[in-house]
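Accompanying notes for the structure given below.
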Amino acid sequence: MLIQLLENCSEEELEQIITQVSSLGYKPAPVKTQYGRYLICIGKAEFDIRTIGNMQGIRDIHIVADQSKLVSRLWKVHPTEIPVGDDMVISGNHFTLGMGPCSIESEEQVIQMIGFLKSNGVRLMRGGIFKPRSSPYSFRGLGIDGLKIFSAHCRANGIKIVTEVMQVSQIPEMHDYVDIFQVGTRNAQNYNLLDELGKVDKPVLLKRGMSSTLQEFLASAEYIFSNGNEKIILCERGIRGFEHAYRNILDLNAVPYLKEKSHLPVFVDPSHGVGIRRYVEPMALAGVMAGADGLLVEIHATPERAISDGDQSLNLAEASRFIRKVHDAVRFREALNA
Amino acid sequence: MLIQLLENCSEEELEQIITQVSSLGYKPAPVKTQYGRYLICIGKAEFDIRTIGNMQGIRDIHIVADQSKLVSRLWKVHPTEIPVGDDMVISGNHFTLGMGPCSIESEEQVIQMIGFLKSNGVRLMRGGIFKPRSSPYSFRGLGIDGLKIFSAHCRANGIKIVTEVMQVSQIPEMHDYVDIFQVGTRNAQNYNLLDELGKVDKPVLLKRGMSSTLQEFLASAEYIFSNGNEKIILCERGIRGFEHAYRNILDLNAVPYLKEKSHLPVFVDPSHGVGIRRYVEPMALAGVMAGADGLLVEIHATPERAISDGDQSLNLAEASRFIRKVHDAVRFREALNA
Amino acid sequence: MLIQLLENCSEEELEQIITQVSSLGYKPAPVKTQYGRYLICIGKAEFDIRTIGNMQGIRDIHIVADQSKLVSRLWKVHPTEIPVGDDMVISGNHFTLGMGPCSIESEEQVIQMIGFLKSNGVRLMRGGIFKPRSSPYSFRGLGIDGLKIFSAHCRANGIKIVTEVMQVSQIPEMHDYVDIFQVGTRNAQNYNLLDELGKVDKPVLLKRGMSSTLQEFLASAEYIFSNGNEKIILCERGIRGFEHAYRNILDLNAVPYLKEKSHLPVFVDPSHGVGIRRYVEPMALAGVMAGADGLLVEIHATPERAISDGDQSLNLAEASRFIRKVHDAVRFREALNA
Amino acid sequence: MLIQLLENCSEEELEQIITQVSSLGYKPAPVKTQYGRYLICIGKAEFDIRTIGNMQGIRDIHIVADQSKLVSRLWKVHPTEIPVGDDMVISGNHFTLGMGPCSIESEEQVIQMIGFLKSNGVRLMRGGIFKPRSSPYSFRGLGIDGLKIFSAHCRANGIKIVTEVMQVSQIPEMHDYVDIFQVGTRNAQNYNLLDELGKVDKPVLLKRGMSSTLQEFLASAEYIFSNGNEKIILCERGIRGFEHAYRNILDLNAVPYLKEKSHLPVFVDPSHGVGIRRYVEPMALAGVMAGADGLLVEIHATPERAISDGDQSLNLAEASRFIRKVHDAVRFREALNA
């Protein structure tokens, strides 16, 4: 059960509600976010809703049978709109294309990339500054100093930044320089990191763990939400399976599933999802038709010289064509479902 | 190495070529299909192609490094066109929609379904008459008598039939009543069945094994081709993995991969691929954008009363909308890539 | 529900029982095997057992909630004993070691192998005569003539044969020359083959499909049993997953699971299960401790020259040590559980 | 390439070696651990080893073709011995049994458990104080105060503690109260955590990620080692796959593989590996025979009332029998391989 509380619900009223639902056999957990106040009630009780329905301080009561409560569509049927700064919104009604290199490699690269994105109408740039690498001897990113340069150029050009945070201590360091915190697939169940990102008032793009079930994926989002941050974007990026002909298995089934079960926007990352440059475009277009609210795509001026993920990065000529096709596909989808 | 032989290559000339390639360290296997004659040469030799290039009886020589030779695009760059009877062609240039119930249940059903398909411009009907069921106590299909009725009505209405064959002894029984033999996912590596279907001059729609790698999938197609039948359609239908939120994991990555590696047409079966009725449409449209040459979709007049697979079957109202959307998507794709 | 019928239950009595259980909402399926008569009743009814409990012709009634009925341990608590000819029994009380080459390659090989097995006290020989190969150009086995020679030598030396049958038409051909029919992993859900093997009075060793769930595995065994053959041996041989450091993932969890859920004996095939020669011994011993009733192991006089599966075959020196260790482990296990 | 440096190698000598290997095309990374100094040289160069072989400061040079260098057995053929305090050693020659509850629930529980372990000769206790839970509303452990109590009782009784650390900030908090830091499956690729554990002089028990390949698993260990800590224990705990009849698929193939590829000790966790209480014993014994150097097993005085993982915990009577059997199996294994 999920109880929406009135904004002005007093501590005393909250106490009374907690006492009442506890007496009904529930374990209540109060949640306060940037947008509202909730009481999550875990338990298997079935009862006459009138016993709490008319208590002071309650805005609405929802029976939410799903394991994850706050991210469920059972209580919030309209898709969530996520503001990014003052001038960007991510949601089902505002398709978002995020592009950029796997790793930020240099200031020159940032400048060139921003030029490309601006002239192609792309307003969200991705780029790693802390890189999770399976070998300890690989390049681990430019770090916080790189981020500051990255950020300065983006701000000056009206471009938003999404970049991966890998540990709790990086959150305050990065906070003023990012627009969206990204949680990578290897940290999808790093609950301490999720807890802390729930205390920040910036959007979080949460990648699905490479072997996370969708229930686990939504539970990870619930961690963030229940700590106070409703601004969450889910991102399917390919799962692990027996087929090794490509880097991952892009599980597009997840898109209609997540859109139905949750009110959160759902992105697709075809670059990691297939991992082979020539297949990124068809898989991105497939993602759009499956219902994605946004795409995250790796591009690089010279993929063959990229420090990481060159095999799956589009070059700039490919990226231009790609952007046009994606926008056409989004428009086609809107017309089809009109 | 794959040697295309001239149609009029004499037995004597073939002998000489075999002797020559054997002396070069290859193991040669002659193949004769409805369309051509080939000599498949297995071996790791590298040699000066002039030593065989000018022999009598040879049309062309191709180095095919892929494990599967005849189905590879390394020797045949143009997509294969597969005639179905006199008046239908399956290929990259002729998108095909096949629809129908999981199981043929009755003559009434066949008549009703044909009426629906005709009025919606669908010319290929699917429908099981021998059903592979995981429990021996489940309905196993109407069998050959059902097929005869099914076939009579389809012929009378210009509808083609694709239906599953489960064992070698059914091939001659079914031959005169089907237009396309379907091999189901559980028989994807039933090599005896594949061998025998290679001796038939009817198209074979080969479903990917639920745990077949794409290399194994192409090898299964190679079995059919090397026995003499070039008319093969590959069909991605979902693979098995850890996620059990849906019936299978539709692996759309396979579509651009197979289109690139093979000259055979590639279908997608979103019904089995996701297994949940509400998600069939987005996954079908995603399949189109991934590059599919056709779709196989389960529909039923009353899905809630279907003997099998009701959960994943569209009803007729849904199916009408679906057909229109799929055709729109195919047109959109053509325009996008023009 | 599973009803054991009396051997002398008359047709009239059976009719009456069928009428009665049908009226209770069950769908009954009569089964006759070499050992007994059964009525499998599928349905969700709950009823007062007295309404059928005292009918003529009934030996016993069991509520079997498992999806697979006849192979379930819910009605038959004692492990099944499977006679192989007059002088061998396979069961939990008679550990069985089956060894031999992947493919039978020649008469000389058979003679040498039999010599080895006899002098090491191994009484069951494995060896493929029809080989399922993923490439159509690979060696496909010596075929039925090879089997006759193989069989003649084994008979003359008191060695039993287990070998793979790949299609229905091979069953009568092979029948007189094999002691145990093996169903390979690729045919684990070839239901027509399973049906026909249910009509034979020889044991069937059923390998788990490489992506079969255990429920599907037991359902495949149920196919054989429900067609009349109770002599079934289950064999875990490795499943498919994301780890490609070895050929398959030997799922030893399946052993205690299958032993608990079913009354059938359970074998382990460590050769395919790990696919790397050096790891076969530890995995075989692990299989014994997990509870296996037998092992199937590939050996070869000169693995490096084997036509197939040389990488996973023990040579004869290794095999001698291996046999001794396995017997020690079986004795240790007995002592431990005494 | 891995260069072992002399303990007294001067900074100047190190500089010269680095210059020399860099000029040969390698990227060198110096590593200093509690036991030695190394220079890891990444690159594909092949060269005449004499060009560096006689330089000052070098103890030995090893060509290590494996992706992970320091944890590889290619340079260190003898199994690593890991001291735990003054009076315990973990290694291939000292089989280790670690037992205890999933979560530490109370001081009473700790006292009772220690009593049980002491009287059964078990010297390593496991028990979670920070619990990673997929729902944010589940019990998350007693935290650091619980650890202090836990630790005090263990110290007083000569019992060592292994418990999970979930984030970098917990390392200094926990340091004085644990004997072995455990890294859980969800943090197996939390590289920041691994880096920091590399700077601590306490053993780290590293669980395999539920979808980590063995190459990724060894790379995670390499992170710890390359940061300075050689005291690493690998632990196979089950992987994720299509079979959901048990919690995980215990991949015992990993045991002989890891023992061959690495010099680190390998543990098995059958409790998580199968997740069903009745199967824990056979799978533990299987793990011993596969070659495990230790086991980690969940036990609980009243599993049916455990806060977490009760389904897979042995009760104390079962645990007593279990301990005896495991010791018998270890002795049997030693005799078998003597």
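Which chain is which? They are A, B, C and D, in the order written, and residues in each are numbered from 1.
In this section, a contact is a pair of C-beta atoms (placed from the backbone, for glycine too) under 8 Å apart; a residue touches a chain by one contact, two chains touch by 3 or more.
Everything numeric in this text was worked out from a predicted model, so none of it was measured.
The chain pair A-D and the chain pair B-D differ in C-beta contact count, and the higher one is A-D. Placing every chain at the mean of its C-alpha atoms, the farthest one from subunit B is found to be D. Taking each chain's centre as the mean of its C-alpha atoms, subunit A lies 33 Å from subunit D. Remark: subunit A and subunit B have CA centroids separated by 38 Å (rounded to whole angstrom). Subunit B and subunit D have Cα centroids lying 49 Å from one another. Chain contacts: subunit A has residues 211, 215, 240-242, 244 touching two or more partner chains.
Subunit B makes touch with subunit D in their complex at residues 211, 240-242, 244. Only residues 27, 29, 40, 42, 67-68, 132-137, 166-169, 186-187, 189-193, 195, 210-211, 215-216, 219, 222-223, 226-227, 240 of subunit D touch subunit A when the two sit together in their complex. Of all residues in subunit D, those touching subunit C in their complex are 211, 213-215, 239, 241-246, 249-257, 260, 273-274, 276, 278-279, 282-283, 285-291, 325, 328-329, 332, 336.
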